[in-house]
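The same chain A turns up in both complexes below, where it pairs with chain B and then with chain C.
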Partner chain A sequence: MNNNSVLKRLVSNPDFSRLLILILMFTLTAVLQRNFFAMKSIVRNINSFTPLILLTMGQAVVILSGGLDLSVGTALSLMTCVLTSVMKEGVPITGFFALAVAFAVAMAIGAVNGFGIGYLRIPPVIVTFATSFIWLGIALFLRPTPGGETVDWFQAFYKIRNIETAPAFLKAFGEIIPPALILVLLGCVLWWVISRTKTGRYIYAVGSNSQSAYETGINTAWVQMRACMINSVFILLAALFFVGQNRSGDARMGDPLTLKAIAAAVVGGIALTGGRGSVYFALIGALIFSFVSKIIFFANIPNAFQTLFGGVIVIVAIAGSQVYTLSSRRAMEESKLT
Partner chain B sequence: MSVVGSFRDSTAYKVVDRYKKLIIAFLLIGFLFVLGEIVVETFLTVGQILLTIKLASFIALFGLCQMVVIASGGSGLDLSVGYTATITAVFTAAIMDGQNANLWMAILVAIGLGIAIGLMNGVLTAYFKLPPLVVTLAMANILQGVINVYTAGKNITGRPSPVLQIIAAKSSGMFPNILFILLIITPIVMIIMYKTKWGLKLFGSGSNETAAYLSGVNVKMVRCTAFIISGTLASLLGLLLLGNMGIAFKDMGSNYVMPSIAAAVVGGVSLTGGDGNYLGVILGAIFLQTLTNLLVALGWGDAGKWTGFGIVLFVLLILYVSNRRKR
Partner chain C sequence: MTVLEATGIRKHFGGVVALSNANLTCRQGRITGLLGANGSGKSTMSKIITGVYSADAGEIKYNGNPVRYRSPNEARTAGVAMVFQNLSLVADLTVWQNIVLGAEPKLGLFLNNRAAMTLCREIVDQLLPGLDVRKMVHELNPGEMQIVEIAKALSEDPKLLILDEPTAALEQAQVKSLFDTMRALVDKGVAIVFTSHRLWEVMEICDDVVIFRNGANVANVDFTKDVKDPEKIVNYITGEAGKARIEKTRRTGGDEIVLRVNNLNHGRFLKNIDFELKRGEILGIGGLAGQGQHELMLALAGNYPGVSCDVELNGEKIRLNRPANAIRNSILLVPGDRQLEGLFLGHSVFTNIIFPKLGLRAQPLFTPEKKYRQETQEVIDALAIVTYNLDMPVNSLSGGNQQKVVVGKWLSFDTNVLLLADPAKGVDVGAKRDLYEYIVSQVKENKMSVILYASDSEELIEHCDRLMIMYEGQIVAILEGDDINDDTIVATSMRVEIGSGK
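Let's turn to the complex of A and B:
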């Protein structure tokens, strides 16, 4: 084995080139954004990337299990509406009630999606397309227009400094490590734990070959349902962040994030056919996606172009990853043959 | 046992079995009308029914786009129909500017736009093997973006030509004119889908891809064509929507996407492809419009409408599409 082939293998390894792209995008953004390394802009970047990162990781779990969730955006909106409907301003205890109710709602959302995907075996895209309208409708019942009340301490999910009653050391801590980062780390830890249990391995098994997983005695339906529930937890984390940030609920706010989360997962190397990819690389995909959006933003493109470029990026990203994955697999096979 | 067996062989059973889903759709509509009449007074009047049919015609026509794409298989669905219609309406409003003479130009532009959008969807899904829902959702985003760019800093100008308004919005006597369009299109669709070679290829690609391929059907081409037809139809529907509303606005078509898919499912179009009856889609559209009317009459508005549509679609998916493992 000579050097040349090692290099060739490294380049044709998709994960390696994804890291390269991330570094490239990171550098480009650092060059374009003034004060990129200032504490303030780092925190601002983390805050603006967090929702997509969380949703992408959740979506990745569902895709790995052989599903796909088109209801992520409206589920997120619904959770923000539930949170802000249960909370009463100035009554701190209602915040805990809201957390409990929102968690129950999240589990219910995951259970319904998982029931359709796993137990009923309806094509995932279509069943979650249907449920996305149920979530939207319920969210509109709760909040026909954006608004709602939040308790003061809920800002702990966004900026601890904004809470007047918080002790000084917590405020200082929040300045160094923003709550958004903690939410992302929480998501990573959650997946780290799950991926070390049976559930984690079953998710891959069911996603890559549902039939043989079933035949080896895995309860595939229950595994897919659990994957949807894990996704719901990630969505809930994003909802907490949004409510902390905006202090209101909005039945329409999550819509654009659905597609971005899918695209970011694909950029991160999650195969839409299921069973292949890594949730951590989905995180990297979300980062790449966010940096690209950021770069487009710095290129001084008018606001009106944002939606257009969002859609184009998604198509290019998905088509590009597909072509790249296919061609690199072919290259790998050829290098094995020779 | 033999009694059941002989019943299963009888012609009546076969007819019922074949049109099972149509009958269910019909019963659902009847149920809603009765329910509406009980809950809301003056629900079941001639005027109300004709209005329902007029509004349902648009859903049914969008449903045709979905049906063609779904029938071609590959778990196809077209989520970009709403914005395809919108972008055509926005562009052609300026072209027509209220003049009948400009209608031909507008129709040409509509067809051109529809083919271009459908071709992109088709190539990406059929040849690049990307999931249709994701591709068409992204396409919807792109079209919405184009509309945003086009309308940035200025108003959408122009009006539809009078002929278009007569076709889409006015009535002859008591019957809405759009109903006649539907009555003309339905037999044409039925003939193309069930009596021509191309229809056979379409359903063949949907029901068994491998068999169709081995018997010489270019499955990719058929699927791509299905998307082109869907795009073109949606684009022409944009003209009708424009005629109905009188002006173009930013998201005039987006509310039709979900109902069009739901109408296809209610109407018994198999989502795995290869099967479907356009009459069912029309019944499905009428059902959804009646449901909307009922929910609006009850004062539940948008929230009730979307929840209702979501639940109806979910329940029918369970009944029609569910593929539980046999134990």
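Let's turn to the complex of A and C:
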């Protein structure tokens, strides 16, 4: 009896449908992709999923706080350009300088977006659409064409084996646990810590009902600004990965990721109205999204239709979980009656 | 001992004077009732004390020291807490998270959730035992939300507690336990300011009563010394010598049946609803709060496409699958939440009143603006809506006048059935009387039949010709004539509870 009701509660949870979709997509990909379970392709998959996962988690934090960030992609590009401009090849210490500068830039990006959203109360879509061009402008100024220098050890964010001077045990460790996975885990830990502080609670409160939160004495503008800065940290993690992978900066590389991150967050159950959803499930949304593009790639769908199919599948996924939520709620209510 | 003394408070918003010269004194260990029509400045006064607004002139002394709070938070830190009239809860957090919101207990850098939950359980258990503090607020009913709101104010150990219409959403039993808690607080030395539109509540709980009219004090009554005379107080509030109660005359109604509802079902909310509405009667819906009354109203207004029922209007079968259908058949709804469901708040009185007409009747291609404005003016006159002109945004009117606008938008339709969901909620005594007088006169002339749902049973007793009692989505009794009295209503609402063995 008790067991039964626990199961029922689990099944009626809308997040359960997302897990089901994830499992479905995972299975489909496993069937379609040859050597899916080979270490090499696992690592390759993780590497190709990581940037979107990080950006989605960051975006989720902003959306939860009642905002929306359309400047994620260009902010990412800008950070890669900053990193590769500060670093000098062959001078390892410049890597740390680059980290420090990029962190400062990330905080500034978050602060500017947050200032516009929180303090100036301009609609988030407009603020971040405008700032996205500012980030792009600066990035193009720094790096009109892709390129730049990196230090050797920066590859630690992508593949430790590529660093010639790295000790053998680190190389071996990097083969078992890819750095990309560590970056994602870092993101999860970051949110885990934040969600246990006032900031985490207030992000939900402000996103859900900012008037109430304000009347309760919460500094809502500052909370939204903090949410944007947390987002910036996630973007920075993604930038580190990109620079480690490509060993260059590119002012236009982030563009396509902006809307994908928003869509993935929605697939993961983040309500665009704010205050509802979980950052971890945003991660699952990003995974679903990534598997979908894999499936489309492997299913031999003509190039011209891939984007179209991607869009359709995302809509089906969102609508599906919506229908699932409604029907399971109805089933719950019916069962309460009897 | 005087806890709070506000003297000569003045406040205007644009050209509207909300408070002209208002005074309020609260003493330790006493409950001060704040009475007045909507728009008389009660809420403004409370908000000035707690720092939501700042006064244009006047002085506030708290414990003898002049103070001027710049935000509700500052007031709260000083021990002045307020429960707002419109709920200030965050729907996507749990009950306990809401109660401690803004003042979370901490363990170092992190939140101390266990301590917070224990604290909240203690407070909630006083007010509403059995409410699970881990529930999300959006799962609660309005009464429970109000309780959480009060618990939130109590969690900070206030010295002065301002309750702005806390009972509007509560049912009888919840009001009782709220009053018990208020008395316990007063015994501990807290001063309470209490506002309510329900006179009997103020009579029951308050030690002092301060009455506002048009932004100034008109009377202070000390119930510990003076006689409790409701008629006198109503006179103070309205400023006219009117009767507190309309004379009870139950109309028997004709035998002609306007609306016949058979076997109406909607999910778990409504089960096998059967009733008949006669021409020229007011049929009430009563019972404990949340037994499907609200859903029944919405179903009749065509808000549930999936509803299954057999409905005959004047002997003809109709379908209630869309609001537009109901309106075409002249079944018109005055919804319970006027701000959310009844009005376009930012738009003018004119737009609000004329809008249904534009949408639903065959109209000429170009709107005859002049004619419409004249029609609107007629509606305003008929209902005595107090507005500066037709183009005032409707949210600048007082609650009572807003409600009149909601009713007014249906006036130009030939009404068969008017559905009134809690029409007097948050409406002052004067406006309430105007509204009911108008409706009763229309009913008397056989112009319409009314189905009335009110959370306040006084209203039902006063106006209904017959009264249906609902319980768990079913109609369990229909009371008539002298059976419509407080005791029978409560007994019928409760007897079912015992009878069904739950």
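One rule holds in what follows: the second predicted complex is superposed on the first by the 289 of 338 C-alpha atoms of A that agree within 3 Å, B and C clash if a C-alpha of one lies under 4 Å from a C-alpha of the other, contacts with A are read in each partner's own complex, and residues count from 1 in each chain.
By our rule, a contact is a pair of C-beta atoms (placed from the backbone, for glycine too) under 8 Å apart; a residue touches a chain by one contact, two chains touch by 3 or more.
Small disclaimer: the values here were computed from a predicted structure and weren't measured.
In the superposition on chain A, contact of A:Leu70 is made with chain B only, not with chain C.
Legend: residue contacts after superposition of the two complexes on their common chain; A:Pro167 is shown touching neither chain B nor chain C.
When the two complexes are overlaid on their common chain A, residue A:Pro92 makes contact with neither chain B nor chain C.
Contacts of A:Gly147 after superposition: neither chain B nor chain C is touched.
Look at A:Arg196: by the touch rule set out above, it reaches chain C but stays clear of chain B.
The partner of chain A that touches more of its residues, comparing chain B with chain C, is B. Of all residues in chain C, only 52, 71-73, 76, 84, 87-93, 97, 101-104, 106, 109-111, 152, 267-268 touch chain A in the complex they form. On chain B, the positions that touch chain A within their shared complex are 75, 77, 124, 128-131, 133-135, 137-146, 148-149, 151-153, 258, 261, 271-272, 301-311, 313-314, 317-318, 321-325.
On the chain A side of its complex with chain C, the touching residues are 196-198, 201, 204-205, 207-209, 211-213, 215-218, 275-276, 330, 333-334, 336-337.
By the touch criterion stated above, chain A contacts chain B in their complex at residues 68, 70, 116, 119-123, 125-127, 129-141, 144, 214, 221, 256, 258-259, 262-263, 272, 302-312, 314-315, 318-319, 322-323.
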